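Below: a set of structures, written as structure tokens.
One chain, chain A, links the two complexes that follow: it is found with chain B in the first and with chain C in the second.
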Partner chain A sequence: MPQISRGFHGRRSEASSDRLPPGQHLVDDFPVLSAGPTPHTPLAEWTFTIEGGAEPASWTWEEFQALPSEEITTDIHCVTKWSKLDTAWRGVSLDTLLALVEHDADYLLAFCDGGYTTNLPLEHVTDGKAWIAYDYDGEPLEPEHGGPARMLVPHLYFWKSAKWIRGFRLQDEDEPGFWESNGYHILGDPWLEQRYWGD
Partner chain B sequence: MAGTAVLGRLAWLVTEVTGALEETPRVRTLLLDAEGWPGHRPGQHLDVRLTAEDGYQAERSYSIASAPGEPLSITVERLEDGEVSPYLVDEAREGDGFEVRGPIGGYFVWEDDGRPVFLVGGGSGVVPLMAMIRSSPGSTPIRLLYSSRTLEDVIYREELDARAGHGLEVFHTLTREQPSGWTGYSRRIDNDLLREIAWPASDDPQVFVCGSTRFVDAAADGLVALGYDPLSIKTERFGATGG
Partner chain C sequence: MAEERRLDGNAIGGVMIELFGVEMTTVPGSCGNCGAHEQMAETDVYLDAPGIVVRCRHCQNVLIRIVRGNGRTWLDLSGLSSLELPL
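Right, the complex of A and B next:
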């Protein structure tokens, strides 16, 4: 029996509660959370690289734009407890990228401008579960939201959707990334409320 | 060290409000007695869970304001369209209860290694920085640049005045309205202001910036322009939606 807070009634205006994982609340705007300054990498210097396969694979911005892309409309859930419904993105599916690389890895470690990393099991980024997104709401993704390109793994807490992504390394081991080394859950399933170590 | 090794799941702790302090018309500090609180490090936060009579629950995260070893406290700003903050600022009183779990976060944390410290806070972004100031033994030089809208909005004003001088330098800027005779800064943070106040990058300072997204971006981008290593700048941002 949880402790009752005298005089607390709550807002309860959240109609779509079947789309809201435990402990989350809806927002209409798009909060920004980052551990450091916002990087500003010119597109001319931007590349996307997949390491750890039989051959390294790399794309320039123009080459990456030429890859088949998809439109994605999805709900997103931040570990700081806000959720946002029906966000609209365009990006390249990880299925598309991984089909171009010969490998037998089980995990990836995404790396980003600014030094950020995050780890993901490949079973959580394949079969239509993850993208490298570069448009948001029909516009190029703003730097504060991770532009020019970010990971989009909407079924996990949003820190897994690493901003300013520049590539990932395919590996056999699940190696904790930045937040995963700083108290946050190794996987981060919002429906299981896997926020912190031990959850 | 307290707060670093979390072995099991962080449990929700039965918590009682043992005191409340009006900081500004919109901001209040709550002193908490959380049964079994494991301790924390300066800069960490905790989760609050409120439960209504019928079982409805709402959770939010708040920065811890107290130093390790002091009675646990959080300082909360009322967000007008919020769900939890109006309760914590306006309703909760001594003897009331809710649950907390924590401490949370292992990155925006100050470990005193003797390097000078530059703290940059906007509005209630000063709260985790205050936990750092309160935990300082005074031997490490600390500069705080603190931006508020008006003098009335300055949180911890008297305590900062009292602590200044003991290894701590405090620089206020008031962005909206200044009292007559105001001798502090009177504008939003910009590169010139940072250049005047920040330690030279060659001093290898530790930097913590906390505030709204716009504020944090202005401060962090400005420090990078001054030659700070981006990896040395730790930021914590909140939108207007903490609730």
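Right, the complex of A and C next:
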């Protein structure tokens, strides 16, 4: 048994080392981080809205579910230093959503139930880099993990993957969000360890 | 569940003493949103976020955000309209 255990951990460590950004450690569970109470918005009242385009765009839950969706398997990296490999999601690509809105913006500010916000450059959420995810591991996304829907931007620290997202506003300026306005990095690239202001 | 993650202001008593130099849990503060006036111990605190978040127990307005890293502390008090500190 000890030999099997050592062999298993050794292979895993070797296989995952090039997938672990600096300063991160692997977890097998899915830690829950919350800056406030978990909202429980009924799906009948849920909408997703894009503001700031030529015309406001909004979808009900049923309309959003009817949009083309994708399966995504990806690694995620939290700024609190845990990383989780091969997480499985389903959601709507931001490429799909932004193609439905006429705009000339360079940035977005995501807004959520509970008041959380986070900012993102559009170049970091287009070309297959970001989704509005509503399934995790083949099941509807649980409220404590951001359900019914959350942003998924796996190449940036996970505070950018806003839980309980209800839409975003297209903007010309990169307006700092909830954490970015109080110490956390404006972009948050885990491979560059962009955790705090000045990193 | 979120309710189990919610603590009260006593949970950050030590951090507040470091930042303000005085015992803060008994200090009254006013919410900049709803105007509720409570001792800091009577707030809702969330510690398991990327930073510390202190919310008004009455309206859930964010009163205080504390982020600590790289040898610095960022302190946002913009959700409070006042703090009544002892001399």
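Operating definition for what follows: the second predicted complex is superposed on the first by the 184 of 199 C-alpha atoms of A that agree within 3 Å, B and C clash if a C-alpha of one lies under 4 Å from a C-alpha of the other, contacts with A are read in each partner's own complex, and residues count from 1 in each chain.
In this section, a residue touches a chain if its C-beta (ideal position, glycine included) is under 8 Å from a C-beta of that chain, and two chains touch if they have at least 3 such contacts.
Quantities reported herein were computed from a predicted structural model and do not represent experimental measurements.
When the two structures are aligned on the shared chain, A:Arg90 is found in touch with neither chain B nor chain C.
Within the superposed three-chain model, A:Arg150 lies out of touch with both chain B and chain C [touch as defined at top]. By the touch criterion stated above, A:Trp159 is placed in contact with chain C alone, chain B being left untouched.
By the document's definition of touching, neither partner reaches A:Arg169: not chain B, not chain C. In the superposition on chain A, A:His77 contacts neither chain B nor chain C. With both structures placed on the common chain, the touch criterion links A:Val32 to chain B and to chain C. When both complexes are overlaid on chain A, the residue A:Gly23 reaches chain B alone and has no touch with chain C. Looking at the superposed arrangement, the partner reaching more residues of chain A, out of chain B and chain C, is B.
Judged by the touch definition given at the top, the superposed model places A:Gly115 against both chain B and chain C.
Comparing the two interfaces of chain A, the one with chain B and the one with chain C have residues 31-38, 80, 114-115, 144, 178-179, 181-183, 196-199 in common.
Interface of chain B with chain A (complex): residues 6-10, 12, 14-15, 47, 49-53, 55-61, 83, 87, 91-92, 96-99, 104-108, 213, 217, 220-221, 223-224, 230-231, 233-235, 237-243.
Across the complex, chain A meets chain C through its residues 31-38, 78-80, 114-115, 144, 159, 178-179, 181-184, 195-199. Across the complex, chain A is touched by residues 1-3, 5-6, 44, 46, 48-51, 53, 55, 60, 62, 65, 67, 69-70, 72, 74-76 of chain C. For chain A in complex with chain B, the residues that touch the partner chain are 2-12, 23, 25, 27, 29-39, 80-82, 114-115, 144, 178-179, 181-183, 196-199.
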